[in-house]
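One chain, chain A, appears in both complexes that follow, with chain B as partner in the first and chain C in the second.
== the complex of A and B ==
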């Protein structure tokens, strides 16, 4: 852990202990629902594309706080109905926690704080890479499947707070959570891991890659197919169905599209967009990282 | 004709309206889209390789940004952004969405029944959601 760049004061100008402030903020985040939290040096993301760097969003940024949590419950992971997880994919809960932390930093300490939007930017890209932020904060590491994985908890939703509050930094994890030892063994045995087995890019899925010396290399990821599965009943599906309806010259057939089950389900998902933003979990469901916590009696 | 020349050709004459804004907002020219969509998808974020943070620096490689692609192809960055966004939505037809539902049913069932040692591997194609196999005949 590195030392803070400058002394921290409260609104009255009283100097505060940086470690105590950090413990207070991260502890408060955990009481509000975060299950993991870390603090990163925003300079680690200086190599990000212009517009997606922390200082592009908040020029006063000195610290990047990363929260994780709000993962599906064990019961939801184990449901035989894939539709259950289809309608529970949400970053909302951890996003609300991040907003509360940002407000606490501004109201109680008098430092700028910005909860990075979890929605998409104007060019259909995220405002910043939450995965890279999680890596920088030691909250998780990149995975073959895509999400940042925490070694103990596996998949979690992420939120990022940028602030001018100069907190001591945590370090990236010393070893990656992916590939897990059992995945290395499985790859040596069969040439696939659980995630690349169930959603293999060479068999109509999204994922592929090799494991060499315990590291994932040559990763293959069909982002469009993954998006079509993750946002199956959502904006991309809505655009497709709307295009089909606009192209259909027969009014009776057009009605069957617009009033039919696919279009209706998609409209419901968009209406309840806060709980429908992740609609495919099959690669992560098979992932062993964090799976111990999903085994209940 | 270069990409830049093609962009110029699409420029309207109306004062105050910049190139490509024939629909009242920036829309890429369909011919320009057809010509560059595969290259933009390839260079962009669609085929992510070797992004693992734990790889040595000389083996890591991020996707190109829209600005980098624009410079490489000689296009306006706004056209590249539009080509990328449209292409990302355009790569698969609506049939893929039905396939997604069938994939999730089969994958979910395989995990429930056999765990990670017996996961669904894409074949045979699962039955339609909500329909029995016999009703597909």
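== the complex of A and C ==
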């Protein structure tokens, strides 16, 4: 853990212990629903494209706070009905937690704090890379499947708070969570891991890559294909269904499209979730990282 | 006898004041920045029948008003203006109003309900949150889009709770918050206040006013123009695009519009409605009222 240069003061100007403030903020985030929390040096993201660096969003940024949580519950993962995860898999809860923490920092301590939107910016690009922020904060590492994986919890939804509050930084994880030892063994045996097996890019899926000396090399990811599958309801599904309805010359068939189950579900999906509602979790469902915690009675 | 009656009356008043203070404090605990109380009967002088508190809750005696901050202080600092499109509003005052209504019903045994604030006919809400804020002494109307400015915080978003519980009402502010002294000086020098300079009605903007002896003597606000700019993504933008789509004969042209970034952002904004209802904050960005509060470390 590295110490920041500047002292921390409250609104009255009283100097506070940086470690205590950090523990208070991260502890508060956990009480509000985050299951993992870490603090990163924003300079670690200086190499990001212009516009996506922390200082591009908040010039006063001294610290990045990364929160994770709101992952599907063990019961949801174990449900045989795919509709369960289709309607419950959303980043909303962790976004609300991050907003509350940002407000707390501004109201109680008097430092700027910005909860980075989990929604996308122009051209559907993220405001910043939450995966890279999670790696910098030591709460996760990149994975073959795509999401940042926490060594204990596996897949979690992420939120990032940029703040002028100078907190001591955490370090990136010394050992990446992916590939897991069992995945390395499986790759040596069959040439695939659980995630590349369930959604193989050479067989119409989205994922591929090699494991050399226990490390992921040359990861392949078909982002467009994955997006089509993860979000087949929600905004992209709505666009597609609306286009089909407007292209349909027959009035009765057009009515069937508009009043049909698919169109209705796309609308539900948009209004259920303000940010993101995924409908495909197959790569993460097969991932062994964090799966121990999903084994309940 | 008279003294005893006076003593009872004083005790009742004292109890009512304590109850009022407790409920106002709860508003802040539940997420509001400020809170106040207006007498339900105070609305009769200003609004026609059908828009008064008793029209929504027969027997309503008090209107508890709470104002919450919209964008965080950090969001105002961001050079990426699109960020405010998404983080412009988090409806915390509505959450607070639910908490307060629940509290009054469960703890005091009186009817209580959040006041209806969303438009149900055109752009008009059934009940005015702006008037409620003024009557509860939380702010006064401004030149900038008629927004109610709180003397300490400037722009706030308001929600109300209507209740049959009798509370001690606050007084309206004695002095108008707008124009601020610095705005009067600027007007005297240049004929414009900061908000008028940012969005002048005579140059395609929305705001105009005259000031004499430090008081607003006339004001003009082009609400239709403002709403198309402040809410260019979201429900209205989407409705406009659907109208355009139904008039496009060419299939490829239609497809191009449906899959454009503009269309996606409109639909996403419908989904994000609970966070984002405005995309233009320029008159408020230059307003000096509340600016001191927004300046953090």
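By definition in this document, the second predicted complex is superposed on the first by the 294 of 297 C-alpha atoms of A that agree within 3 Å, B and C clash if a C-alpha of one lies under 4 Å from a C-alpha of the other, contacts with A are read in each partner's own complex, and residues count from 1 in each chain.
We adopt the following convention: contacts are C-beta pairs under 8 Å (C-beta built on N, C-alpha and C of every residue); 3 or more make two chains touch, one makes a residue touch a chain.
Not measured: the values here are computed from a predicted model.
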Contacts of A:60 with chain B and chain C, given as first, second, both or neither: second
Chain B versus chain C as contact partner of A:123, first or second or both or neither: both
First, second, both or neither for A:280, with chain B first and chain C second: first
First (chain B), second (chain C), both or neither touched by A:223: first
Partner chain in contact with A:239 - chain B first, chain C second, else both or neither: both
Which partner reaches more residues of chain A (counting touched residues only), chain B or chain C: B
Touching partner for A:200 - first (chain B), second (chain C), both, neither: first
Footprint overlap on chain A, comparing chain B with chain C: 123-124, 239, 243
Residue ranges of chain C touching chain A (in the complex, touch as defined): 69, 72-75, 77-80, 82-83, 86-87, 90, 245-246, 251, 254-255, 258-259, 261, 263-265, 267-268, 270-275, 296-297
Complex contacts: residues of chain A adjacent to chain C: 9, 51, 56-60, 99, 102-103, 106, 109-115, 117, 119-124, 127, 162-165, 234-235, 238-239, 242-243, 246-247, 270-271, 273-275
Contacting residues of chain B [partner chain A, same complex]: 41, 45-55, 59, 65-67, 81, 84-85, 88-89, 91-94, 96-101, 103-105, 107-112, 116, 119-123
Residues of chain A touching chain B in the complex: 49-50, 78, 80-82, 86, 123-125, 132, 135, 141-142, 172, 175-176, 186, 194, 197-200, 203-205, 215-225, 227-229, 232, 236-237, 239-241, 243-244, 262, 280, 282, 285-286, 288
